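Report on one structure; see the data block that follows.
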């Protein structure tokens, strides 16, 4: 975990109100697990809280990492105005539990399901899986055609099977990611998912098979981002305890936590 | 009075922590009186108050005006980081009473006394006086050599007699502007002054002659800058009433107000 | 600006084209802002706190900046009720906008005197009793914390006022006390509530060790206090159906929506006028698109969806 | 970092290398920040509010952002006094830094129980009674507004504590009440005061009309509240010589100087740790140059130049 001024290499719009920010700096060396995130200090003295954003890709050779964010409010709105050469203060990589990309074996059925800006960490996961020779299937859900991003990037990963769903049917297949999941002939061995809480719940309750090793990346409003403020807790599956999403997550096995 | 996004044409350092900012925009058309000021919206959502800064020069042909400011705190510190091409929101020109540059006659003894960042509005005044053919004498006071600015600019005004004083004697004549004033053979017909309150008081009580038409530009912490909040009042000379510096000033005849 | 029936709000004494008015003390008597825009665009105008006699206020500096806020210790400088009646209200009568006359005093008698002087001015739509000004030593604040004193004051003013009376509450109280104050003035006949006034605060100059304000302490306003304002409005809305004029840190149309949802019926904008003198008309212009976005027919509709008793 | 004798501050129970400690609730029990810097650099560590039994706290979302501030409604989640005694304090004992043990409870008995459990831990230098947590319905707040209840609680805790006891005051009171509370707990034997805790606040999501916090209301902290904190510290310093740990919105060394001038003897830093996890060591490193600039020999000297009784 480092706190560092990273340099903006590029900040480009890749879909409706969705931007891809490429950053460079020594912090990149420490990134080694999909699902971990950066706690982004947005410029402006009126904002006391940082913004957690998942790492979407890392290129250790070039020394850069990428995050993809959607303009949702004041913080992401300001990020969208950053330009190449700007410095942004980043704390990270954060989270002790990412997607267990080292576990799936070659030949196993590995499915990644992402909704909206839940897609980015899955792209990093897909890259790592493919690197290990594991082929992946991906279901990407977006509200509408204009919101779609990373479809091509997933297609370019060797052997990657990509299915894009839009809520309004304006592109790809109409319907939700759960519809797509239900259409699959058999439950996957591994299921990594990230997206709105409702989507994750629907996957867990309606579609996740008991034999599937399912993992979800959770979002919650955060204070410290490192486990010190108890802002981001979720209940454990058995109700007996809790987890700090920022530190003990943000990825959990389905049964580990209550969605 | 306009509220307008003006464009930064240039922002350059002209003395220790002192910067000259050149701005362009239609607001320039409205500037016609030395002593008036701009109410500068400093970038940053954490700052709710604007910063009053005197107009130091105006070039109607080119369509630019200039302000000179010293880095004193967070607002002027941020202004110092603005770059050519940036937009800054300005309300102005403000103040209904500037230096009465139209009154002195050719041949009269006109003295301008400025201390530190009180110098800029006097430069604008000197330019206007010289344009009318009135020659001016100037006494400029600074703490130390590194703080001196606009000495050359005053020298370049035809017929302008410039005397620079430094508190620490590190450049120009050692001593204060009051020492310089006391050394003059006879009291001036007109005296325009701007600077720290202490300097203005010393001029008024120790050196201003009753026959001199003396004027001071006053500073006070401001809210609205337009006369609506009663933040910036000063007492009238007879104690019976008050003046709003932002609106009824910022320039007053010596006897009009209590310093 | 076209008339927007969707924005209309009718409160006791105040038939407002829209729910937005400048807050008392941040707009004087409108003359200065009238040079910038047409005051008839506003929902109402809350005038500077008026006392029986003219007051010169506190020594300067009277304002200090704070993070996302400011302190003021103006000390209720104003020309006195008679001058307001004779010189300021007639000026405002030139615009099609109701006036909310903000009233202050050191004694209940002074409040009554001010209200008597102003109540027959045709453009005064209602009064707003400032029972919570933190900046005047002798006056105001005790009414702001003691429900019985606040109720007695309200009742005394109601006796002489021919216009509805709003009582402006202080945030410098416990949450329990705030509710007691609201209920006490309601029982005493208040027609509405205004909240919040400023929070007591202070700044010290780290370079000199001295307070920045000549008065040492002052009232905190601006976006910094917005969460406190929303909480108080929400709390008070749970216990009363009185109309509430909400204020404290509003800077944008989105903030106005937040206040309406919290339980306010209209809003007042203070400090933001200093940041941007056009803030009121700008917000008014942006409100319809917020209604569209939220799929609400009118401000009244939106209000109904928010917190209610 | 070299030892800086100029920064040393000695308060009852707390021999501090410098006047800076992280504030309770913003630093848990130090483990996470220990990965970032050496906790021995700190003047002290105020640990998360501890209750008799473990608490799971409020539903999420528990934080919301506000202009220059934040709201929190954590709800005092903590592992309970015994676990703090057995697992957390021993970890902190690995560092050369005194602990200020923040104590909460629903009843006076619970406070007493927590203090009894923790008082013999060698690295607990003192207790800080959180009598003002706005986030737990059943507990805390009544002690925070009623001087008699606060005094009784203080006296009860003093009976069992072998360490000095600081009482942490709420800003959600009138200025008169704050002074009464300070004097009441002083008379009951408090060794020091901490102020301020958070201000009660609320945010509503303008897009949905619903409160952002699951708990609806929460405590406002951060730079937004700094002027309120300075005012309360200044006010309380006029009436008592008790040591004061000042907090509320501190982000910089300049802010620390402002608090010391206002009458604080040491400071705590909460929200700013979230903005910049290195804020405490950074400020500590910058303090000596402020002393130089102000031509002060030591923090103690500076304190003497500030507001005094």
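Labels A, B, C and D are assigned to the chains in the order they are written; within every chain, residues are numbered from 1.
Heads up, the rule we're going with is that contacts are C-beta pairs under 8 Å (C-beta built on N, C-alpha and C of every residue); 3 or more make two chains touch, one makes a residue touch a chain.
Because the structure is a prediction, the values reported are computed rather than measured.
S.K.: Find out how few touching-chain steps suffice to connect chain A with chain B.
M.R.: 1
S.K.: Which chains, taken as a pair, are joined by the highest number of C-beta contacts?
M.R.: So the pair of chains linked by the most contacts is C-D.
S.K.: Measuring between Cα centroids, what's the chain most distant from chain C?
M.R.: A
S.K.: Where the CA atoms of chain A average out and where those of chain D average out, how many Å apart are those spots?
M.R.: About 36 Å separates the centre of chain A from that of chain D.
S.K.: Please tell me the distance, in whole Å, between the geometric centres of chain C and chain D computed from their C-alpha atoms.
M.R.: Distance between chain centres, rounded to whole Å: 34 Å.
S.K.: Hey, how far is the Cα centre of chain B from the one of chain D, in Å?
M.R.: Centre-to-centre distance between chain B and chain D: 46 Å.
S.K.: If you look at chain B, which of its residues touch at least two other chains?
M.R.: 45-46
S.K.: Among the residues of chain D, which ones contact at least 2 other chains?
M.R.: 67-69, 222-223
S.K.: Along chain D, where are the residues that touch chain A in the complex?
M.R.: 25-28, 31-33, 35-36, 48, 56-57, 60-65, 67-70, 72, 74, 77, 212, 222-223, 271-278
S.K.: Which bits of chain B are touching chain D when the two form their complex?
M.R.: Residues 45-46.
S.K.: Okay, in this complex, where on chain D does chain B touch?
M.R.: 67-68, 223
S.K.: State the interface residues of chain D toward chain C in the complex, per the touch definition above.
M.R.: My answer: residues 66-69, 71, 145, 172-177, 199-207, 209, 216-217, 220, 222-228, 230-231, 234, 249, 254-255, 257-258, 261-262, 290, 294, 302, 305-306.
S.K.: Using the touch definition up top, name the residues of chain A that touch chain D in the complex.
M.R.: Touch list, chain A to chain D: 1, 3, 41, 45-50, 89, 91, 220-235, 242, 247.
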